[in-house]
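What follows is a single structure, written as structure tokens, with notes after it.
For reference, chains read A, B and C in written order, and residue numbers begin at 1 within each chain.
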Amino acid sequence: MSSVREVEALLFVSDEPVASVALAQALGTSRQEVDRLCEELAAAYEERGAGITLRNVAGGWRLTTHPDAAEAVERYVLASRHTRLTKAALETLAIVAYKQPVTRHQISSVRGVNSDGVLRALVDRGFVAEVGREETPGRPVLYGTTPEFLERLGLPSLSGLPSLAPLLSRSAEDAPAED
Amino acid sequence: MTPSAGSDDRPEERAAFAVELPVFSGPFTVLADLLLDQKIDVCDVPIATVTDRFIAYGKETEEWSLEEATWFLAVCAILLELKVGRLMPRHEVVDEEDLLGVSPDLVYARSIELSAFRIVAVELGRLLEEESLRFPREAGPPPELAHLYPDVLEMIQAEDLARIAAAVLRPPALLDLSHVTPIRYTMAEAVEAVRGHLDRLGQASFRDLVADCDERIQIVVRFLALLELYREGKVDLEQAETFGEIEVRWEGEAA
Amino acid sequence: MSSVREVEALLFVSDEPVASVALAQALGTSRQEVDRLCEELAAAYEERGAGITLRNVAGGWRLTTHPDAAEAVERYVLASRHTRLTKAALETLAIVAYKQPVTRHQISSVRGVNSDGVLRALVDRGFVAEVGREETPGRPVLYGTTPEFLERLGLPSLSGLPSLAPLLSRSAEDAPAED
């Protein structure tokens, strides 16, 4: 019989999001049981105002500190996880996230400006990676988002991205102008 | 004014001009098709070498076809533009669509798409910011569990370790620019040379002005310098007949 | 006002025992208050049968997994992480071998991930040892390989390690060209 205790211990020694199936294997139980235990644990943290939270991000369960403790943690570790991405980088990241797999050329076409530099910066920061090559002449590199992208945005999976459809039906004039 | 790559309005391939390059060997017309269709990377083709061969080919066949030469020039111009577009940092995307023109519908569709991405980009920025307030535990398994790490030296030898070190410590790849022919002659030098010659001679033929040139590229740069001086009104050019001698006269202030 | 939430968050991100005074400093409170909060937290873990425990060991407060979960944790670490551990250990060992003397921080920046756990494992195995301290602020520990490391590889001395230069240039040529 596996317990919340065991699940919590496994999550504690993990340094990345852990898929339910990996936990289930180690505990000799089912994925469903693991998910149930994790949800129970997450709720318990929430209820007692814990310094730790448990969420499903990037395809796995992950413990992190609670946002309300962020100030104290930053003071303590003398570091901030704050990542400021430029407007151009966020725009490019959005295009890769929704259109992946996508080529450099396709990104530049959507943005109307050359995006090679900004794309390289996103690759360097681990948000975006090469995911293959297009089977067309020249075999251009295809780019996609990484698990770290999901993790850094706190999303369980790509389907957790905000929906684009309602935005596409809005007229182009509503768009924020590029500066 | 794109020369249509696969159609009939180019010279017949009588004794076709052929090239031999690492990426391709065969008729240049075929290579041009492949390049324009982006089936071969334009950066893999040394255009300077191809041009040299074409001129040599013209001499060998002793039969300059104006049609063929024109077509060759037009193709090379486009290839150069594509190549420059690939190699130079730029603000505008230069691609086939720009050369052919983009339909207004496509532009409109893209503007809607882009504005949607801009809105959603703001949202992604917000998520990123929120998430930065949460800190994960990065310590991994505690030292008490260090014995669970496998004995890595059981599996490898010094050479394997060296390969792993090389992979981890390798500096980022440098951009390979070997396919770009370096230009060793500058316009400023060429302008000075032309100015110096004319200062001495007052008037000279183009042939005289390039008499001291060793390489074709040097002659080309000097010709461009001449055009630049003409544009500035500093020299007057005269050519009695097509392909005839070009006479150059200094018009500017005394050098 | 500091809270159990903040104390728990700070303990969670620490990878070694933390002195009460360090926690007190980060929270702008007293040692006594920190000790009281930690005791409260430890009792709460105990009471709810948590997978983590908080104990005051030599040097300070430290979160660890609960002994009752030890078996599951060992199984989990062995099973689901074996390949990752091997890769991490080999990379770290390679960096120490070729860049010694080297600090923890330098290793982590080359690998791009925190490498403290894996470094400790290599120290425990006797392949890597502290060889001094860097004469910079904080005087970080410098690591190098041990005689045992050389012995296991059958090398007479460090100069017997294969030269890296030919590998670096060859791998650069082999690398897929950037398009």
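The definition used in the following text is that a contact is a pair of C-beta atoms (placed from the backbone, for glycine too) under 8 Å apart; a residue touches a chain by one contact, two chains touch by 3 or more.
Source: prediction; values computed, not measured.
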Centroid comparison with chain B (C-alpha atoms), farthest chain: C
Innermost chain, where centres are averages of C-alpha coordinates: A
Euclidean distance of C-alpha centroids - chain B vs chain C, Å: 49
Rounded Å distance, chain A centre to chain B centre (Cα mean): 38
Where chain A and chain C are represented by their mean Cα positions, the distance between them in whole Å: 25
Touching two or more other chains - residues of chain B: 41, 135-142, 145
Where chain A touches two or more other chains, by residue: 12-13, 15, 63, 65-66, 73, 77, 138
Residues of chain B defined as touching chain C within the complex: 41, 135-153, 155-171, 173-176
Chain A-facing residues of chain C, complex: 2-13, 22-23, 26-27, 44, 48-52, 63, 65-66, 68-69, 72-73, 75-77, 79-80, 112, 114, 117, 179
Chain C - residues contacting chain B, complex: 9, 12-15, 64-65, 73-74, 77-78, 81-82, 85-86, 89-91, 93-95, 97-99, 110-111, 113-114, 116-118, 120-122, 124-125, 127, 149, 152-155, 160-164, 167-168, 171-172, 175, 177-179
For the chain B and chain A complex, residues of the former touching the latter: 37-41, 89-93, 95, 97, 108, 110-125, 127-142, 145
